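In the two assemblies presented below, chain A is common to both, partnered first by chain B and then by chain C.
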Partner chain A sequence: MPNHVAIILDGNRRWAKKRGLGALDGHESGGRRVIELAMDFFATGINIVSLFAFSTENWGRPEDEVNYLMAMFEKNFKAEISSFQRYKVKISVIGSRVNIPESLLHSIQEAEEATKSYTERQLLMAIDYSGRFDILQACKSLAEKAKNGVIQVEDINEKIMEKELMTNCSEFPNPDLLIRTSGEQRISNFFLWQSAYTELYFPNVLWPDYDKAEYMKALTWYQQRNRRFGRRV
Partner chain B sequence: MAEVPGQISCTGGGISQFFERVCGYSRRCLFRVISMGPLPNHLAFIMDGNRRYAKKCGQEEGSGHKAGFSALMSMLRYCYELGIKYVTIYAFSIDNFRRKPEEVQSLMDLLLEKIKALLEKESIVHQYGMRVYFIGNLALLSDQVRAAAEDVMKATAKNSRVVLLVCIAYTSTDEIVQAVKKSCISKSNDIDASGIYKHDDTDSDIEGMDMEEQEKRIQLVDIEENMQMSVAPDPDIVIRSSGETRLSNFLLWQTGNSQLFSPAALWPEIGLRHLVWAILGFQRSHSYLEKKKKQV
Partner chain C sequence: MDLKQSMLLLSSWIAQIGDVGLDLLWRFVHIVVSLWYIFSGIFEAIESYAISLGLIKKYSSINFEKLRCLAVVVDIEEARDVVNVIDLLQWLTTIGVNQVGLFDTQGLLKKCKDLILETVPGSMLLEETGEKDLLPDRKRIALEFISSSDNKEAVVKAANILLQRYLKSSHPEKEKGDDFFTEPHLNEALRVVGENVQPPDLLLVYGPIRSHLGFPAWRLRYTEIVHMGSLKYMRYGSLLKAIHKFTGVHQNYGT
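Let's look at the complex of A and B:
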């Protein structure tokens, strides 16, 4: 079983277009599936689920869509706190936070505070996140530490770098399996460093149609993988 | 008796030459059709499956790598003929040093032989006006291999028609760490060199400080400039043979938006049809992406 599964939730707008609906309807339908499916994942024994909810590149979308998404995240955080507590899921939001609306920031902080003591399961929500931004902020943090004499630049190595990435809030920062729905075969600047050895799975299903059966297919596929990490088995 | 085999081989040679000419002509026609759509500027290959191929053919391991090298030469020719300017290959990962010493040595011997062969007159370098870069932690290589790589880089530095980037003793996380270290050092040198600023106006102090702070702090472009792979644009397509769908620590920074293809064929079995299929997939997705970019 993978310890950490990451999901790029792609296809809401195409799902809506196929049905003659607006993009926001697509997001609403997709949004309803997210927490449900995350709980299904936890039920099969997975410790960490990461969701690419909003990329730094998504700020360029139409304003009404961005506002809708921010409001939807806020609504879900508030509505699901009791579920997170019931299932003992620690919530951690990774991303920039600088451009996030105050009210969403507040509900994120509430959710994180309410679930901070849980250790067995963790839901990482990537909001205003990108893989390059994560590496850049780690680099800035290391530069600051070097400037203050906390570390020497020559001593910077992969382990030290990994501790500065935003996934340092997790026991298993690197996903074993990354699922991107909608058939697009790319990582779109989600976990870059963290996906070095991740098995990448690209089902041709739009996110609102992604159900438990699809998820079981992904797990079965993962279990058949032969992971060598560069060595010979 | 001796003449008959000679005659047969002449006729056989003639037939095979004719066949090659027909194939070459068909290939050029196919390329002309494909070139009517958008073409990738940069293609990257993870050449996986040489050992499994050797096992499949009941041969010793080394022959798999040799067959893999032939497949590579064919793929490079197809790419450059099609007009793809940059090709990157994952020749040897830092992780691969953890394999059995005999296998590592035999791979290094093969790499040395093939690197030196690039400087020969009839080599692919001269045929295509190829510039070659060796990207990786070259200090981890033996002196011989490193020297050969440096000779090739120097000898091809003036070529510009096509580019081959060979990732050797490479992992992406190592490349990123080296770029981060260089960025930290060069930014701290910039700060030392700039000295202390004085501001006359209190209001502009605050704005001025922000801009100054911003300049002092490391930006995305600083890391990008310090990446060894900054000599090429990001890959449009990554093809990993043998059906495995992972990057194995290859070009993580650069492939954020690259399309990933994983044909089931083992690397020595890779051929023109896999390249064409990947490019057609790229063209299909390209029109969708262009639409998305316009919306965004």
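Let's look at the complex of A and C:
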């Protein structure tokens, strides 16, 4: 089984459009599946599940849609804290927190605080995340450390850089399997650095329709791969 | 044996039977999925031959407006067979693609650069091309040779340039990192260390693994990634289909 599965939750709006519904209905339907599916993955023995819930580019969407998504995230964090605690799932939110509404930020901090002691399972929620931003903030963090004399510039290498990425909160920062629903075959600025040897799986299923059968198919597919991490066999 | 022991033994048997049952079910799921892939592979092979023979009209002309830069990732084992890579490049030239980035993790294709440039008609190094060289009617193909050293190692080198600038700035304690560490800054620093920052529109992966194998991460933001299977069994029809499918993709870039 993979240690770390990452999921790009794509297709809510297309799902709604197919049914003659509004985009917000699509997000509501998709939102209901998120935590449930993450728990299903944990039940199969996966340690870390990362969800690309909101990208930096998503701020360009209509204001009512963005506000709805922020409110939905806040509601889910509050509603699911007890589930996270019951199943001992550590919650970590990665992304820039500069533009996130205060109330959502507070819910995030509460969820992270309430689950920080758990070590076996982790749910990484990427909100206002961008792979390029991740690399740039790692550079900034290293610059601060170099300025303060904590490290020398000439000592900076790939490993040191990786420790500054936002996924440094995780025991397995590089996903083994990345699933993007809806059939689109791009990683869209998610985990650019971390996905070098990640198996990419692009099922042609919209996120609200992604059910247990689909995730079993993904895991079966993954088990049939032969991973060599770029080395000779 | 008392009742309690009997119950324990019975529950142990039930648990073992349950485990065997689950194992069999999982194997059955594997068989079903494998069969599905076998049949879809057969269908794709037939379709590919039909496309190669020109029997499917929609693939006979391709609009290259959206495909300015194509990248090809080749698994290291498959990169050893340079003849297949050369055949692929000749097909791409025939189709009308005029800029290709060739990537393998260990730079084998970089080492065979001269052979490839001599053998593929109309090929030239990307850094030596001018705009006129890549006009559609000129049947030229600009090649870029990329390896893992152009990925994370290059980003670290570029980051070091930005770090040095930041530390040398007149008031480092007052300067915010935001003024030094932006995407345009990192793009510029990557160019300084000799890297191409142009994102490929489409990335074709040849090999057993469905992964981009460490292709320069900074460039992959919105790149379409298509797994093509083994280079040994590559088909002209499949290549044409992948490129044609890409030209129909609509991206909203997250908005």
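Criterion: the second predicted complex is superposed on the first by the 233 of 233 C-alpha atoms of A that agree within 3 Å, B and C clash if a C-alpha of one lies under 4 Å from a C-alpha of the other, contacts with A are read in each partner's own complex, and residues count from 1 in each chain.
The criterion applied here is as follows: a contact is a pair of C-beta atoms (placed from the backbone, for glycine too) under 8 Å apart; a residue touches a chain by one contact, two chains touch by 3 or more.
Source: prediction; values computed, not measured.
Chemist: Between chain B and chain C, positioned on chain A by superposition, is the outcome a clash or a fit?
Modeler: Once both complexes are aligned on chain A, chain B and chain C clash.
Chemist: Where does A:Gln85 make contact in the superposed view: on chain B (first), on chain C (second), on both, or on neither?
Modeler: Touch partners of A:Gln85: none, neither chain B nor chain C.
Chemist: Quick one: is A:Thr220 in contact with chain B, with chain C, with both, or with neither? Answer first, second, both or neither.
Modeler: Second partner only.
Chemist: With both complexes overlaid on chain A, does A:Leu200 touch chain B (first), chain C (second), both or neither?
Modeler: A:Leu200 contacts both chain B and chain C.
Chemist: Regarding the shared-chain residue A:Ser96, is it in contact with chain B (first), chain C (second), both, or neither?
Modeler: Once the two structures are laid over each other on A, A:Ser96 reaches no partner at all.
Chemist: Shared contact residues on chain A, chain B side and chain C side combined as an intersection?
Modeler: Touching chain B in the first complex and chain C in the second, residues 57, 60-61, 131-132, 135-136, 138-140, 142-143, 146-147, 153-154, 156-158, 161, 184-189, 192-193, 195-201, 225-226, 230-232 of chain A appear in both lists.
Chemist: Within their complex, state which residues of chain C touch chain A.
Modeler: Where chain C meets chain A, its residues are 29-30, 33-34, 76-77, 105-106, 148, 151-153, 155-156, 159-160, 162-164, 166-167, 172-173, 177-178, 180-183, 186, 208-214, 217-218, 220-227, 249, 251, 253-255.
Chemist: Looking at the complex, which residues from chain A come into contact with chain C?
Modeler: 55-58, 60-61, 131-132, 135-140, 142-144, 146-147, 153-154, 156-158, 161, 184-189, 192-193, 195-201, 216-217, 220-221, 223-228, 230-233
Chemist: Under the definition above, what is the set of chain B residues touching chain A in their complex?
Modeler: For chain B paired with chain A, touching residues are 51, 93-96, 98-100, 103, 171-174, 176-177, 180-181, 183-185, 187-188, 191, 217-220, 223, 244-249, 252-253, 255-261, 281, 285, 295-296.
Chemist: Which positions of chain A touch chain B when the two form their complex?
Modeler: On the chain A side, the touching residues are 57, 60-62, 130-133, 135-136, 138-140, 142-143, 146-147, 153-154, 156-158, 161, 184-189, 192-193, 195-202, 225-226, 229-232.
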